[in-house]
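Each chain carries a letter (A, B, C, D, E and F) given by its place in the written order, and its residues are counted from 1.
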Amino acid sequence: MPAPPDLKQLAVGSRVQDALLVVDVEQRDSARGPFTILTLGNCHGQLSTAPFWPEDQPRIAGIERGVVAQVIGEVGQYGGKRQLKVSSIRVLPRGAVDWHLLLPSVGDVAPYWETLDRWRGEIRGPRLRRTIDLFYGDAEFRRRYEECPASTAGHHAELGGLLKHTCEVAVIGRAIAKVCRADQDLVLAGVLLHDIGKLDAYRWPGAFGVTDDGALLGHVTLGMLMLDRRVGEEDPPPCTDQELTILLHLIASHHGRQEFGAAVPPMTLEAEVLHFADNASAKTASMADALDDPDNFTGEALVSAKSLWQLDRRRAYRGSSDWGLGAGG
Amino acid sequence: MPAPPDLKQLAVGSRVQDALLVVDVEQRDSARGPFTILTLGNCHGQLSTAPFWPEDQPRIAGIERGVVAQVIGEVGQYGGKRQLKVSSIRVLPRGAVDWHLLLPSVGDVAPYWETLDRWRGEIRGPRLRRTIDLFYGDAEFRRRYEECPASTAGHHAELGGLLKHTCEVAVIGRAIAKVCRADQDLVLAGVLLHDIGKLDAYRWPGAFGVTDDGALLGHVTLGMLMLDRRVGEEDPPPCTDQELTILLHLIASHHGRQEFGAAVPPMTLEAEVLHFADNASAKTASMADALDDPDNFTGEALVSAKSLWQLDRRRAYRGSSDWGLGAGG
Amino acid sequence: MPAPPDLKQLAVGSRVQDALLVVDVEQRDSARGPFTILTLGNCHGQLSTAPFWPEDQPRIAGIERGVVAQVIGEVGQYGGKRQLKVSSIRVLPRGAVDWHLLLPSVGDVAPYWETLDRWRGEIRGPRLRRTIDLFYGDAEFRRRYEECPASTAGHHAELGGLLKHTCEVAVIGRAIAKVCRADQDLVLAGVLLHDIGKLDAYRWPGAFGVTDDGALLGHVTLGMLMLDRRVGEEDPPPCTDQELTILLHLIASHHGRQEFGAAVPPMTLEAEVLHFADNASAKTASMADALDDPDNFTGEALVSAKSLWQLDRRRAYRGSSDWGLGAGG
Amino acid sequence: MPAPPDLKQLAVGSRVQDALLVVDVEQRDSARGPFTILTLGNCHGQLSTAPFWPEDQPRIAGIERGVVAQVIGEVGQYGGKRQLKVSSIRVLPRGAVDWHLLLPSVGDVAPYWETLDRWRGEIRGPRLRRTIDLFYGDAEFRRRYEECPASTAGHHAELGGLLKHTCEVAVIGRAIAKVCRADQDLVLAGVLLHDIGKLDAYRWPGAFGVTDDGALLGHVTLGMLMLDRRVGEEDPPPCTDQELTILLHLIASHHGRQEFGAAVPPMTLEAEVLHFADNASAKTASMADALDDPDNFTGEALVSAKSLWQLDRRRAYRGSSDWGLGAGG
Amino acid sequence: MPAPPDLKQLAVGSRVQDALLVVDVEQRDSARGPFTILTLGNCHGQLSTAPFWPEDQPRIAGIERGVVAQVIGEVGQYGGKRQLKVSSIRVLPRGAVDWHLLLPSVGDVAPYWETLDRWRGEIRGPRLRRTIDLFYGDAEFRRRYEECPASTAGHHAELGGLLKHTCEVAVIGRAIAKVCRADQDLVLAGVLLHDIGKLDAYRWPGAFGVTDDGALLGHVTLGMLMLDRRVGEEDPPPCTDQELTILLHLIASHHGRQEFGAAVPPMTLEAEVLHFADNASAKTASMADALDDPDNFTGEALVSAKSLWQLDRRRAYRGSSDWGLGAGG
Amino acid sequence: MPAPPDLKQLAVGSRVQDALLVVDVEQRDSARGPFTILTLGNCHGQLSTAPFWPEDQPRIAGIERGVVAQVIGEVGQYGGKRQLKVSSIRVLPRGAVDWHLLLPSVGDVAPYWETLDRWRGEIRGPRLRRTIDLFYGDAEFRRRYEECPASTAGHHAELGGLLKHTCEVAVIGRAIAKVCRADQDLVLAGVLLHDIGKLDAYRWPGAFGVTDDGALLGHVTLGMLMLDRRVGEEDPPPCTDQELTILLHLIASHHGRQEFGAAVPPMTLEAEVLHFADNASAKTASMADALDDPDNFTGEALVSAKSLWQLDRRRAYRGSSDWGLGAGG
């Protein structure tokens, strides 16, 4: 299979003949009749199709959100924006294409594992290490964890995003723990456990979404239940009841305040560190994404054209300087 | 001069014969008549006196907040709490005693300078380095900066607290910048400049307080004015207008949101990093202080006796575990 | 043992010779020296003692919060308020007196059980009934549930308060469910399960308090963990995974909004009903208590003397009318 | 006149020849020119028409919001949604058709009256009964009250909705009053009076809307004025001044908090009961409506496709279980 | 009767022999026994007494809040504060002393009336003038209006304060109306009517307080009811229904937002003007009072010693400059 | 050059042959293809064009936001709204047309200057007058100040709007200062300085917009920097350091609260006056604009058709009465 085309960069006139994910199917009305526009995507990004008119409906029978299709077409332009004029589209059997070619991804996950596993190996308390290893020493857990996105449409919304985010929180959490003299091992444990509930709260093959359990219980309590159940399966238990409570508190409080979804606010130094590290990774990733997206800016403007929802309605500024560096200063 | 006694640990029956700072002078009424209680302090902590009754008033003439006094007395106990029974108290001339012996302090500031100066030396953009050096290359600025507290009664409220806090924000900021790929030099510049306004907003000899300028303008805008004035004094200017705006924005936005005192919210990646690093240093220091203070806990209780104002009315938990480490696990 | 005296009504001059709970031990300072005041209580209410002066300290050695003591004394008056002048106070062995004589209580719990058990018996879905019976069919659970208060210092803060509150929520929930056509059985299940976490979150022998687990995890998530663990112990499971999620959602969402401590907001009709029924029972109990407490009013005033914290800083009005009924209207 | 067709269920190809209410007239632009779409409704629901193009404008002259028209047409389909292709539409004289056939309605109001009148008849205080009867014993008031909707586009937005809502609040209010021992008669009086201002605040013949008085004064104060005026017309007055104030307070406070439109917060037990009963009826009706509306869900999904404004931006879950009932468990 | 002494300025050693208002009676405990302190006041201010010990109780029998007493005593000092050592205190018959000598007051009200009556006389619309004159042309209304305070403990809390505040709102409202071209007559009508409900909401003879009606209904709705009733008494009515609604809306909305107690937000230009004028008069009066009160500042400090509740927890700054004027600039 | 046509009133069929500003260029899609609509404006208002279809694109090459064009066309109608059918549109050279003919404007600015300069001339403190005159005595400052809008799309969004707003704030501020006895000269200084930062924060030739500095620093801190720099340029300085701080505080606090963009809340009486005067001018202008705009109302309705964002989501009421004046009252 050839390398997937970079949908974000494909020039007008380029030919496409590739397996693409149907990310969205949108019906709109017009005076000429109703039409359908597909949003197609792969690991590089997304591109919309030209309209399918009523007479084209048979050609897109069976095309729905989450399906993978073999698409033949050509990149055109309409109203200043690129679009894909599809000449043929055909549903592929489930599993015919590796999801990693169809969805955005953090790429090679090995460095993230290498970092986290190294630090995990340095945990000194045997009961803490044993409890963490119930998850991080389990191959099936690792297989799912390295695929899961960290959100469905916000920060780190990509395959492996959760693992990357976890690694970032670990880096930041260690720096904070160092200056405030928190227990590094316990902070790391919190980092590794805080988002495990997302494995039950999200689904990602096909298209990123929230499971019914995710909607009804939230990833915070799902993570607490997951830890509680797994520890409960072990005989003898890997840690004491008080220790389990300390770990559950790290998960319960990592959103910081109840109005942001914490079950309780942080009451230990390590929970406080975890909250700030988690927040810093999530929010700076959103800012970096917003600045990277040219659609947020008009022409040469340095300030974003509108306030951005992912930044809580702030505008962003992409101006920069080399501070005289280029001038050999 | 002998080493100042550790007021926090002094046992009942101990004799005191030392120079102490008059931190507070409080008048109260009682059925027996009005009485006065002094709070005395030094670099190790504070201790309250036994009451001075009306007949004792001549002995404390001239004793007011911020004065240094030679105190002779003995540690007694009253209602379960230690108190100092003063037999003699005499005002000392201003400057007779080094402030560092009278106020809480971070101790040796050299390591903080060493860290910050090393990183400062690595700034690559010449105009950025030059602008920063207007302050950090100035001996008088350094002399004041290494004394200033980071707050008057909250986090890092000690001599040198601002420098220590700056160093912590630098450590955390570098970690965040690394994972989100922000400009490390610009983040460091923001770290070094964000709180310079506190030099004008606080006063610390005698007792920590807020200046009139600090109350009327706030440390955020005072810092902006300080940077603007200092750059304006240079001819040619050390940086361009746009660069100055970028630096001013870092100061202006470091409180994150207007309701927390930011002039504008962060609009650049580096401003976002700075905000989260600043917040993490301040809030985890408050949590660590709260957990260290035995007055927040009753007896053997692991949960604090009351919700703590410095933690936004949260309670704190001081329980911990060695996770089996002691057991040779 | 004689019936415990009604501490709220005892006239000045009355003699007390009874076992009382030491609800609080408060140290205060005065010009004459430090003194101690005890708050003593039994099932009828509380009464404070006259001061114990330094010379009286040996008489109250060993008296601490939560202890039960045999007290001999006489009701006096001081500054317009009744106080107990204690001539003898002696610690009793733990367990010497039935807690029900020492703490406020809802009284006979049988009618509450009768009502709840009757409705529980009418649940039609066998898997729902079986799951509920894991708790309500368990003698040890019932023994603890009928003792537990519904809060430590707010609404239904009395032995059996949780059971009484549960019964009230059931009555109200059924009425709401009737008019909005919710599933009565599922609403009842939510009513019976929503506060089970309080068994782990509170402790009540001695004096009402919050456990470490209650502080670190909150009664909402403790209840979810309790249900999850109990169901997990059964083989085969009493209900399906989806059914367990629906029950967990009822517990998770019963506080209505995240800022009020809900893990997630209600997403089903039954969860919405439960939330409003729970709220109505708690808030109207607080209002009724506030109106019943003469200390909230001055003299003949109909409007409370101050805004009341338990009513979110509202004032209360105790005026009423017989609307002409007495006049034979 | 034949029974009005069920617009919500009418199959494609069905013929319509009925009197319908013009609920909305919407002008839109398209490349082919401007077009008009009508929303037509009757007691069963609503259906939109196919576009009227410029050449069709004469056919819809005089058609405006609130008019009743005799419509002939056929149900077609366009973009997956049903629409009415109108072949003839003709304005009918005002009053030609019973409003109850044209607007959504609660149906037979007799049972609601029966319930409320029965409980009203049990009010014991003669002055209370007399005051309530000024309204509920007045035929013209009853005629209007049994038509008025409880909101224009939210809960119980249907003819008779106010009466139905009143009945629901009565049922719930009695249950709450029972458990907190509030005065049942006074709670009922509050239930019967709390929303009378809606008679002046809303208009409903034609289409539901807010009157100028409703916008400028709000239904809370309109209700207070209505009670005050009506009582003022009686000589001798039916109740005392204090009693009138107690009733006015019930109306004034039924929204609970000032930010939700209460003039004052509830200060009596009966006002507190009324507030929670009112809220429970309104909010659970909204949840039930949201779950009943298939447009809120996509395909087989159990969680609503988007957050719903009428639920304060929550999602809803329509999953359910028979808990083994069908299996004969 | 001699002029009342200026209690705020009376020097230590001065003799008092005057009728004073008992503003407060406070019981406190001490080791020596319970004691009572009276706060006495007259039109110039207030002064506290020395303690009345148990043996003094017969001397203050019958002394309660709101009573007027003939007091003989001498100004002493205790703990740095002046206090009145009472040698004789005797209750005077109700009405023996003019309230204006006993309560703080705005002084001569004639200028306020002169201003308001002049502008009232310029109202051009006859129906508007007639409606306003129902109140402002009524001698009894004027007698009460010129006594009523504008609040019980906040801005303009003095006899005549409501009239003074009304006059201030008129001055400011006219300036705002001028620049935004609002209807001056209607703004004036709103100014004159907006606070009439305070006549029913407050009581002022004796001591300022809130009536039961004021607590249960609030001055906003009381004012609306007062206008509605008065207009309803006239036959023919002085204005049309729409005009009455416009006037009621001015009262209903003058607090601006529902969370600040408005029944509805301002929807007309005149209501908006009224709201801002009312707010400006109230808030700047509070600021001026705070700056005038030396108790808010310590020694020579220019910034207030603490944040002030009456300024929403702001500090105040009393620094000023003559900007070189004194220097003959 | 002929007088610019009144775009708001131009009848259908009118011919246009004028220089117009391209206020907006909007691309939309339709089934017939993409099309472009221009919004054209001049000093009287704005008018949209009929669509430019793909085949028309060459005719609008070079037409972008902020350009001035010579336009020939005729007013048509489409979907009930007027539109301009353009037959010819041609870009004019920058500067060919006076901006005052192209943008909304307050008209003649002389009266505003006359008022402000007169009051400025009455300032008594020489150092205050001198500091103000650094700006208001500077011709270049005046030239820019009399052009600048007071906002880009809110209140006073027109050329000269800032000057007009300043004049309004002065009128209102003087009235408030009079009743609360604030320093009139200092209030006027605050009025004149509070918005000077808008000169740096906004740009207005072409189309109103926010500069990068305006976005990154905000007009409040820009104004503080502007004052600080200008004063710093003078030798000797025109005022003392404390005086400069008092002036900077007026700018810093004029938004009243931090959540509304104030650097600090008002701490002086004059800052409080300024804040309320500024707010009253801005908010009543928005209300007056909303009431003047017929697009906010449907047909004869007196209440606005929807809640208006510029009024914080309130509705507006345009009903009025002559109160019998016309009837010869």
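Convention: a contact is a pair of C-beta atoms (placed from the backbone, for glycine too) under 8 Å apart; a residue touches a chain by one contact, two chains touch by 3 or more.
Just so we're clear, the structure is a prediction, and the values are computed from it rather than from any experiment.
Colleague: Strictly by the touch rule at the top, which chains does chain C share as contacts with chain E?
Modeller: B, D
Colleague: Decide which interface, D-E or D-F, involves more C-beta pairs in contact, and give its chain pair.
Modeller: D-E
Colleague: From the C-alpha centres, identify the chain that is farthest from chain D.
Modeller: Chain centre farthest from chain D's centre: B.
Colleague: Please work out the Cα centroid separation of chain B and chain F, and write it as a whole number of Å.
Modeller: 45
Colleague: Whole-Å distance, chain B centre to chain D centre, using C-alpha means?
Modeller: 60
Colleague: What are the residue numbers in chain C that touch two or more other chains?
Modeller: 30-33, 212, 215-216, 242, 246, 249, 267, 303, 315, 317, 319
Colleague: May I ask you to sort the chain touch graph into line, ring, star, complete or other?
Modeller: Shape = other; not a path, cycle, star or full graph.
Colleague: Report the complete set of touching chain pairs.
Modeller: Pairs satisfying the touch definition: A-B, A-C, A-D, A-F, B-C, B-E, B-F, C-D, C-E, D-E, D-F, E-F.
Colleague: Which part of chain E faces chain F closely enough to touch in the complex?
Modeller: The contact residues of chain E facing chain F are 124-129, 167-168, 171-172, 174-176, 178-183, 185, 239-240, 242-243, 246, 249, 265-269, 272-273, 276-277, 279-281, 283-285, 287-288, 291, 303, 312, 314-317, 319-325, 327, 329.
Colleague: Please output the residues of chain A touching chain F within their complex, sorted ascending.
Modeller: For chain A paired with chain F, touching residues are 30-33, 35, 51, 78-80, 302-303, 315, 317, 319.
Colleague: Applying the document's contact rule, which stretches of chain F touch chain B when the two form their complex?
Modeller: 212-213, 215-218, 220-221, 224-225, 228-229, 232, 242, 245-246, 248-249, 252, 258-261, 263-264, 267
Colleague: For the complex, which residues does chain B have touching chain E?
Modeller: Of all residues in chain B, those touching chain E are 27-34, 210, 212, 215-216.
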